Amino acid sequence: MTTRITRAQLAARVAMDIPEGSYVNLGIGVPTLVADYLPADQEIILHTENGLLGMGAAPHETQVDPDLLNAGKQPVTELPGAAFFHHADSFGMMRGGHLDVCVLGAFQVSQAGDLANWSTGGADAIPAVGGAMDLAIGAKAVYVMTDLLTKSGESKLVSACTYPLTGMACVTRVYTDHAIFDVRPDGFVVREAFGDNTVALLAALTGLELKG
Amino acid sequence: MTTRITRAQLAARVAMDIPEGSYVNLGIGVPTLVADYLPADQEIILHTENGLLGMGAAPHETQVDPDLLNAGKQPVTELPGAAFFHHADSFGMMRGGHLDVCVLGAFQVSQAGDLANWSTGGADAIPAVGGAMDLAIGAKAVYVMTDLLTKSGESKLVSACTYPLTGMACVTRVYTDHAIFDVRPDGFVVREAFGDNTVALLAALTGLELKG
Amino acid sequence: MIDKTVADAATAVAGIPDGSTIMVGGFGRAGQPAELIDALIEQGAGDLTIVSNNAGNGDTGLAALLAGGRVRKIVCSFPRQHDSWVFDRLYRAGRIELELVPQGNLAERIRAAGAGIGAFFSPTGVGTELSAGKEVREIDGRLYALEYPIWADFALVSGLRGDRWGNIVYRKTARNFGPIMATAAQTTIVQVDDMATLGALDPESIVTPGIFVDAVVAVGSRSWLRDGAFVGGVDADGMPLPDAAATRAEVDR
Amino acid sequence: MIDKTVADAATAVAGIPDGSTIMVGGFGRAGQPAELIDALIEQGAGDLTIVSNNAGNGDTGLAALLAGGRVRKIVCSFPRQHDSWVFDRLYRAGRIELELVPQGNLAERIRAAGAGIGAFFSPTGVGTELSAGKEVREIDGRLYALEYPIWADFALVSGLRGDRWGNIVYRKTARNFGPIMATAAQTTIVQVDDMATLGALDPESIVTPGIFVDAVVAVGSRSWLRDGAFVGGVDADGMPLPDAAATRAEVDR
C-alpha cells in the first residue's frame, strides 16, 4: 500500500524546510499554498517577481488594490519592511542568485536536475513562459513541488525530460506526494519517504534507479 | 595677426550652442566654465555622473554639503526637479545616449574624431581615467573645448592622435580659442573662425587640410 | 522653461506612425497605461509591433488594439492568460506574430537598450527551445546565451505622478516595466494620475528621471485612490465591487 | 525575527579574512563608509583586493588602509587625486597592483555580478589601451568590448538610514556605488546614521532592499545633519569650518 500525502500536507512539509530569514519565491499555482504553512511567528520574506519583496497575504475583498498584485496577478498585501522595484532589478535579484529558495511546479524533472514546467509542447497550445525560466535558475535552492505521478500514472521523475525544458540542471530537490528526492550529481536520492513507502517502491513507480 | 578669444569667451560661445531643454554633462576642468554662461532664463539640465540630474551652482561656503558633490568632487547644489540615482543608472544614462551634449577637454582630437584626453602616456604618471571614456561616447553630441595649440605651439587637432585614446570617432565638434571645427566623415571643417582668422591660417597652424 | 506636459492622451499619441514598435508597460492590468492605449486605438496607427509582458486582457486596452487588427507582432513573455481570448484567437488564426521571451530576459534586454549595452550573456533559457540558435558560451563553468537589446520607437508607460520635467514616481507593483521601457524608446509618453509642482517630488525617490521622458499626460486619479490615499472598493481589474459600500460597512462592524 | 543590526563597526567587520576582495563604496569622500574602514584598519586583515572608485584621500580611511600595507591590489577608475599621495607613493614604489577600469564599466561590471550577467558588450574604452586584449565585436555597426562581472567577498557601504531587515536609503550623491556594490558581494555590510523602525522607510523609496544586506551598523549622524536636516558648517571633506558659526551669523545679517 503506497502512502500519499495531501497537497496541504505537502505544502506544510515544504514550509518546514524553509528557515526563518529566508528570501523565497513561490511559483504560480500549487507552490503558493506553501505560504499558508509558513510559521506565523517567523519572518520569511516573500519575493514576487513583478517587483515586491515582503509580500503579505491576500487582502479582504473590499481592500483589493489593483496596483498590488503577485506574479499570478492576484491581489496581495505588503508587509512592514516591504520594498518595491522595477522588473530589471527584480529579475536581477533572481538571476544574481540572491533568493534562498524558489518553489516551482513541474511536468517533469530529470535525474540531471533538468526541469520541464512551462510547455507540454502541444501543437495547438498558446505558448507562454513568463518568469518560469528565470525562476528555474534564480535561487540558491530550487525546490519542485508536485505529485510524483501524472493522472495517467506516469512518473514525473524521469531519466530525461520529454517535454520542452525550462532549465538545465537547476533543480535542487523534489517534494512529491510520495517522498522527497534530492537531485545529486549521480541522480535522485530519496531524502524522505512518506509513511510506509520504500526506496524499492519509489523505484518501481518511477522506473528509475534511486539511492536511499 | 591671429585672433584668440579668452577662455571665458569660449565658454560663453559653447553655451550659445546649447538649446533650452538640453541634458548636458560638463567635464571636469575647463568645461565646467560653460555653466556660468548658460542663460539664467532658460532651463538646461546638468548631469553629473556621480548620480545627479538637475545640478545647480556651488553653494555658499557655509552651506557645503559633503553628500552633494559633482564629478570633480566639488560641492554643488540641487535644483527643484533634480533626481538622484546610483552609478550604474547614471552611466547607463550616458552610455545609452540619453544626454544631448557632453563638453570635454582634450589633449588631441584627430580628423576621425578620435579623442585623447585622459593620459599623456608618461611612464611616471599615475594613471587615472575616471568617467572620461564613458563621457567620450556618452552623448548625442560630444563637444571638445580646448586651446587650439599647446603651450609649446603644437596643434591639438591632429591627423592621428599620438597620446593614448579616450574614445574612437566620438567627437562631434571642437571649440577652440581660434575657431570652431566640426568633425565630418572627411575630416575637420571650419564651422566658425573667430575675428580675422582664415581657413588658410588655421590650416597653417594645425598643419591639416581644412574645409571652410 | 521645460514643460513636457501634454494636454491629453490623444495629443500625446498623435505622432505615432504606422509600423512603429511600441513598448507598453504593465504586468497584467497593473501599470497598464489604459488611457494612452485607448487613445492609440482611437488614433488609428497600424502594422504595429508591441513589446509588453502580456498580450492583453479581456476586450479592452491592449486586447482591443489587437482585436482591431492593428498589431503585426507582439514581443512578450506571457500572452496566455485566463482572459487573453483576443490574442489566443488571432494567434491560432496565424494573424499575429509572436516572439516569446522569458520575462527576465525581456526586462534585461529592454534595460540593455536603454543603457547602451550591445549584448549580454544571460543564463536564463539556456538549453531550452527559447534559446535555440543563440550563441552559447561557458563562462566560469556556467552556460550563458547571448541576448540582444530590445528598442522601441515609443514607450507608453503609466506612473502615479509626474512633473513638468518628466520626473515620474510609480505606485506599488504597477511600477514593473515602466522605468526600463522609459529608457529604451526613442519617444517615451507617460500617463500619470496628476502633476506635481516642479521640486515637489522627492529627488531621492524619483524612479524615472525626466531625461527619459518626452511627454507627460495627467489622466485623473485611479478609482481606488482618493486624494492619493488608498480607499479600496474595486476588484483586481479596477472594476467597482458590486456592493462595495455595503460590504465595507459590514467589515467595519 | 530577522535582525541584521550589528552592535558596532568592529563586530561588523570582525569576520573579514586575509586575502579578501572588498568593495568600498564612495565617490571621493561622499558615501565612503568611514567608520567601517576604520574598523577594518583596526581589525588587521591584509593581502586585500579593494574595489572602489578612488584609491583614498589624505591620510585617513582607505588611504590609511593602503598606508598600512594591507592592500595588494586595487580595482578603480580614478586613483589619482589632489590628495592621493598615499596611493601615489605605493604605486610608484611598485608596492600595489592597479587594475584601472573606466568608471562606467566599473559600475556596470559590478551590477553585472549582482544581476547574474555572465558578461556584456560595452562601447566604453573600445580602441583604447584599457580595452587591450579584450574581445571586440561589431554589433549593429558599433564596436563593443566584452566585459566581465566584478564580484567581491565583502562590500562596505554607507547609507543614511536602515531597518532591521537591511533595507537602506541613501543621501544625495553619497548614493553612488553603494546600491550596486551591495548586490555584488557575498557579504554586504552597511553603515547608516541611524536605524528606522521596520516599516518606517517608504517601500517606494527604498534603494537597497534588505535581500542584498547582511549587516547594518548605526554609526551616528553625519556632522552636517541635525535631526535629519541639513545644517551645513563643514567643508566638502566634512571637516568643520574654521569659524562656521561666525560666518553663518554674518550671512544671516
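We just call them A, B, C and D in the order they show up, numbering each chain from 1.
Quick note on the criterion: a contact is a pair of C-beta atoms (placed from the backbone, for glycine too) under 8 Å apart; a residue touches a chain by one contact, two chains touch by 3 or more.
Labels paired with UniProt names: A, B = 3-oxoacid CoA-transferase subunit B; C, D = 3-oxoacid CoA-transferase subunit A.
Note that the coordinates shown come from a computational prediction; the quantities given were computed from them, not determined experimentally.
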Chains touching both chain C and chain D:
A, B
Larger contact count among A-D and B-D belongs to B-D
How many angstrom lie between the CA centroids of chain A and chain B, rounded to a whole number?
54
What whole-Å value do you get for the distance between chain A and chain D if each is reduced to the mean of its CA atoms?
36
Length of the line joining the C-alpha centres of chain A and chain C, rounded to whole Å:
28
By the touch definition above, chain C meets two or more other chains at residues 108, 111, 115-117, 122-123, 170-172, 204, 207
Please list all residues of chain B that touch 2 or more other chains.
78, 84-85, 88, 91-92, 94-95, 138
Mapping chain-to-chain touches, which pattern fits: line, ring, star, complete or other?
other
Spell out all pairs of chains that touch, sorted by label.
A-C, A-D, B-C, B-D, C-D
The chain A residues in contact with chain C across the complex are 48-52, 60-69, 73-75, 78, 84-88, 90-92, 94-95, 114, 124, 126-134, 137-138, 164-168
Flag every residue of chain B that touches chain C in the complex, lowest number first.
20-21, 23, 43, 45, 47, 53-54, 78-85, 88, 91-99, 138
Touching residues (chain side chain D, partner chain A) in the complex
1-2, 111, 113-117, 163-165, 167, 183, 198-199, 203-204, 206, 209-212
Touching residues (chain side chain C, partner chain A) in the complex
27-31, 53, 77-81, 84, 87-88, 91-92, 98, 100-108, 110-111, 122-130, 143, 170-180, 207, 222, 224, 230, 232-238, 241, 244, 247-248, 251
Sites on chain C touched by chain D in the complex:
108, 112, 115-123, 137, 139-140, 142, 144, 148, 169-172, 202, 204-205, 207
